[in-house]
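Here's a structure for you.
Labels for the chains are A, B, C and D, by order of writing; each one numbers its residues from 1.
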Amino acid sequence: MEKILFKEKLRQWVDTLNDYEVLAPAFADSVWDYARVEAETEIDLSHTNTVNPPKQFAFPQREVFFRFERVDGVPRLTPTVPDPKPTLVLGVRPCDGRGMPCNDTVFSKEYRDPYYWARREKLTLVGLACNEPYAPNCFCQSVGGSPHSTEGLDVLMTDLVDRFHVRGITEKGLEVIERGGDAFDRVKDDDAAEVEKVHAAARSRPQRPVAEMDAVAKAIREQFDSPLWEEMARHCIGCGICTYLCPTCHCFDMNDEVTGPNAGTGERVRTWDNCQFPEFTMHTSGHNPRGDLAARLRQRVAHKFLYFVENHATRQCTGCGRCISGCPVGIDIVAVVDRVTRS
Amino acid sequence: MVNVDELRSLAAELLEQGQVRSLIGYRRGTAGVLAEPCTIAAPGEAETLVWDPTCLNNLALFLVEERKQQAAASAPDKRPVGVVAKGCDSRAVSVLLQENYFKREDVFILGVSCEGTGVIDPRKLSARLKGRWPTRVEFAGEDGFKVSAGGDETLVPARELLADRCLECREASPRLNDVLFGEVVTERGFDEPFRAAKAAQEATEDARWATWERHFDRCVRCFACRAVCPMCYCPECVVDSTTFVNTPGTSAEEKATRIRWCERSANVSESAVYHLTRAIHLAGRCIDCGECERVCPVNIPLRLLNTKLEMEAFQQFEYEVGRDFERPSLLSSFRDEDPNSFIR
Amino acid sequence: MMENVYLPQIGRIAGIREETQGARAIKTFQVEFPDGDAFEHQCGQCAMLSVFGRGESMISIASSPLVKEYKQFSIMKMGRVTSAFHAARIGDFIGVRGPFGNQFPLADWKGRDLVFVGGGVGLAPMWGALQTAVARSQDYGKISLFYGARTAGDLMYKADIEALQTSVAVQLSVDNPEEGWQGYTGFVPANLMEKAPSSNNAIAITCGPPIMIKFVLQNLKALGFADEQIYTTLENKMKCGIGKCGRCNLGKDYVCTKGPVYSWAELKKLPQEY
Amino acid sequence: MPNPLHSNASEAQEHEPRVVAFLCKWCSSAGSDLAGVSRIQYSANATPITIPCTGSVSPMYILAAFNKGADGVLVSGCHPGDCHYMEGNYLARRKLYLVQQLLRFIGLEADRFRMSWVSAAEGAKFAEIVDEFVGDLRALGPQNRLKARH
C-alpha cells in the first residue's frame, strides 16, 4: 500500500496515533537522538542519523528481570516482564532498520527472550530513506543494504521535498497508515517515477568503499593469529562507544542489585555489556581468554563479519558508520576489514 | 607558524639516533577529518606525522599506556618515549610527573604551540557544514582555519570552530618541553578562563539539578570519558566494576567483599556516583584537555564538573593545575588561609 | 505465561558435605526442589545457581540423571556467589536455572572402554557420566578413573570413589604426598602415561585445570587416542547460559549452548580462545 | 526536640530526616559521647559513624550515603590545630570543601552536606549542631535527587 503524506500533514498523522508512544529524532545538546513527541514538539526529520539506534527500544540499556524478596524465609520472585504502550519510531534510517532482524534472530534462536519480545512486538519502525548518505563513514551498500532498503522496517518514507512517499511494508505498518486516514493522499502517477529517481540518486552517491566484502569472512579466519590485530588495536582505549552505539550489538551483563537493608531484597538487572571491557571474559580465577585489546578488536570484527555469517548466513553489520565516527582514537572497521582482506 | 617539516625531521632524527625508543604523534585518520594518534618506531614513518587543528587527542594518555606496558615488560627498553604535546597535553604530562607516574627523563616532549588558535570542536564544524563532509581543516594565518569540504574551501574565523577548552585556554604553548615548535603564547584573545563553569553556576539550584539529572539519565556508561583521560590511570577503577582485576592470588574473600560503590545500571543515581567520583578524583589533577566532553557520544558537558573544581582550586587555594610538577599536589597540601567559614 | 528462561526455580539445600578445606575449599551441595518442579538433565550439563543479592554462577550438575531426589553441585570457593554458597546452611534457599549446554554422548560410547581423567574440582563435571556408566556397566567395557590433586586433602568424593573400586579401576595421584600415601606420586598426566590404558575401542574424558588438560591431551595422543576418542568439558565465563550475552564464545560457538562438552576433533577446529 | 521555627511544609513534616554523621574518633565522637553522658536532649536522627580522622573521609562515603537515601551528611572533626594526626583536618577542610562545591554545582540542596568542628569538650555544641541540621533538613523534606530509585 503506497500513499503520499504532505509534510504539513505529518503532525495530523501523528495525532491520530494517540494511544501510541511516538518518538522522533530531535536535535538537543548538539546531537541528534530520539525524543518523545509531545503535543508541542515540532517534528523535524532533517536529521543525519541519531546517536543511539532504535535497538534501545527493544533492548534497553537497563532491564529489570525480576524482583526478589524474602517472605518468611522463602525467596519470592516477582517477574517484571514489561508491558509497554505500542511505540512508533519516526525517522529510522534503513541501516538501523536492517539491524533489527539481526537482533530478532539473536533473541529468538534456541531460547526466546521474553523481555526483548515484549517490547519488540509493540514496536513499529517508520523508516526514512537516505536521499544522500549523511556521514563520511556510511557503507550500507557494501554490506548488502541500500539507502532505501525496507528490511526490518514497518513503513518506508521517502522525502520528495514538499511531501513524503509512504509505503507500508508489514502488518504493523499498514495498520498505522490506515489509522492516518485522510492525512494521506493518493499517489499520483509521476510520484512513483520521482521516488525511483531519488532512490537511484541516493544509490549513486559515493560511500566508503569496502574491498571485496565476500572475501572478508575467509580472510578473518586465515588472519586470526596475525600480528595485524595488535597493530590495529594499538591505540584502542577499550571504551564502550563502538558497541553501545551499534544497531546490532546485543551483549549484556546480569547483576543483582540490592535495594533493601539486607541482601535478600533486590532486583536482577540486565545492562548492556561490551567485549572491549577487560572483565567481559575474565574468569574468577583471573584467567582471561581475551586478555588484550587486540584479541578484543578481533572478536568484535570477527563476530560481525565471520561468526554471525557462519551461524546465520548474514552479516551483523549494516554499515551505519557509528562505530567509526564515534571512536575517540579513529579505529575504523572499514579500514580494519580492508587491511585484513588485503594482507 | 609551527613548521611541520622541522617536526618530522626532528622526529626522524630522534628515532635514527635511537634517542627515543618510540614516538607518539598524530597522523591522517581514515575515519573522517580528524587526525588520529600514532606510535612510530622507524625513522621512515616520521613522514606520516601531521599537525593541524584536528589533532584533538591528548597524547599523554598513550604515555600512560606505554608506561603500563613498560612495567609489564620483562626486559624494558630504558630509552625515553617521544611525544608531540600541545599546551594542555604538556600540562597533563606535568601532572603525571608531579604524581611520579614516570620520571622526567622517561619522556622527550616535542612541544607544539597552538599560537593564536587551537583545535576544532567536531560538532561545531558539522553544525556549520550542515551535513556536508569536511575533508581537511588547516591552520590559515593568524586567526582562522581553512576548511575544505565537498570541493570548495572556505576561511572560517577561529572563534566559530574552536573547542570550548581552547576558548578558555590560558596558555596556548607548552611550558614543559624539550623542544618547542611555534611561538610562546600566554595572552589569548578569547573567553576568560572558567567562563562555562561560571555561567553554569549562575542557574538556580533546581535548574542545575534538572540539567544534571537529564545528563546523568542520558549517560549510557560507555566509560569513554574515563578511558580517554590520562589522569584516570588506576588499574582498577573503584566505580567501574568492569575494570576489577582478578589474579590467581586474589582471595575469595577479597572478591566477595569488594564494595560496589555504584551499580552497573545506567540510571540517574548510579551514573551520578560514577561521574561525581571521577570529578572529585580529578580535583587538582584535571588540566582541562576537554577530551572527556569531546568523546562523549551523547555530548554530556563533562568539562563543567572538572573546570568547576579547577576554578575553586584556583580561586580558593591559588592552585594552578599542571603549572609546576615540583610543587605538592592540591589535595596533599593545605594553607592556613584555606576557606574555613563553611565549617560551623 | 510464556516460559521465562531467566526466571530461576527455587531450590532448597538439602545436604552439604565438605570435600576439602583451605583457601580453595570445595563443598558438595545436594539441592532439592520444594515446588516439585525439578527439571530433567543429561550427563555433562550445567545449571545457573543463584544466591539472591549476590548473583549467579554456572556450575556443572555432578549427579547422574538417574538420581531424581536431588541435584548435586560441587562448588569451589572462588568469588562472590561461591563464597555465599560456602556460607550457606542446610535449609537455605537458592535459585536454580537450567539445564544448559550439551551432554556427554554416552549412547555413542556403548561397548567401549571409558577412561576418565580428572584433576581437582574437575572430577565433578564428569561424575554424573561416571556414575551413569557404572550403573549401566554392562553396556560398557572397562571403566577406569585417573584422578589427582595437589594433596590427599584436596581429593574429592573420597568415600564415593572407594565405593567404586569394585567396578572401576581407580588410579589416584597426588602432587606432594603425606606419609602413608599408597597411591601414585606425581601429576595426573604422568600417572596416565605410566598406567598407559589401551586406546583401542576406548573413549577418554578429561576435565581439570587448563595446564593439566594440555599435558593429558599430549599423553593421550602418545597413547594412540584419536582426536574423536578424546572428550573434554570447557569452562568459560558465563552470565546468561542461553547463547545471547556474548561472552563465552569460542569462535562461532557459544560454549554455554554448543558446549561445554567437546571432542578434541571439534575443539581443534575452533580458535583456542579458552 | 525538632526546632519549631523550621517545621512548615506538611509533607516534610512526617518525613523523619535521616542523617549520616562521620565523627572523628578523637574529638567529635568524644563530643557526642559527652552530650549523651550529660543527658542533653537532642534529635536522634543522626547515625554516627566513627572515623579515625576527617582527613580519612573519602568522597565515596558521602556519595554512597546520599545514594543510599541519607537526607543529610555531617562530617565533624577536631578544630584546626587539635588534630591527633596534626594535619588531617586541614586536608579534610580542602577536600570536603571541593566535595561540597561539587554537590552544590550539580544541584543537590546546599544544606544537605555540612562540616563542623566539635572538640571532645563541646557536647552541647554537638547537640545544637545536630538539632539545627535536622531542623533544616525537615524543612527541605526527603532527599530524592541522588537517592537510588527502584
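Points worth noting:
Note that in this section a residue touches a chain if its C-beta (ideal position, glycine included) is under 8 Å from a C-beta of that chain, and two chains touch if they have at least 3 such contacts.
Quick caveat: nothing in here was measured; it's all calculated off a predicted structure.
Looking at B-C alongside A-C, one finds more C-beta pairs in contact between the chains of A-C.
Ranking all chains by how far their C-alpha centres lie from the centre of chain C, first place goes to D. The distance from the centre of chain B to the centre of chain C, each centre being the mean of the chain's C-alpha atoms, comes to 50 Å.
Separation between the centroids of chain A and chain C, computed from CA atoms only, is 39 Å. Averaged Cα coordinates give chain A a centre that lies 30 Å from the centre of chain B. Averaging Cα coordinates per chain places chain B and chain D 36 Å apart. Counting partner chains per residue, chain C shows two or more touched chains at residues 54, 78-79, 82. Residue numbers of chain D whose C-beta contacts span two or more other chains: 148. Each of residues 253, 255, 257, 273, 280, 282-285, 287 in chain A touches at least two other chains.
Listed by chain label, the pairs that touch are A-B, A-C, A-D, B-C, B-D.
Partner chain D is touched in their complex by these residues of chain A: 257, 259, 267.
Residues of chain D that touch chain A in their complex: 148, 150.
Those residues of chain C that touch chain B in the complex are listed here as 23-24, 54, 77-80, 82-84, 86.
Of all residues in chain B, those touching chain D in their complex are 197, 200-201, 205-213, 238, 261-263, 267-270, 272-273, 276-277, 279-281, 283, 304-305, 308-309, 312-313, 316-317, 330-332, 334, 336, 338-340, 342-344. Listed in rising order, the residues of chain B touching chain A in the complex are 29-39, 57, 61-62, 123-124, 127, 131, 133, 218, 220-224, 226-228, 241-250, 255, 263-267, 291, 294-295, 297-301.
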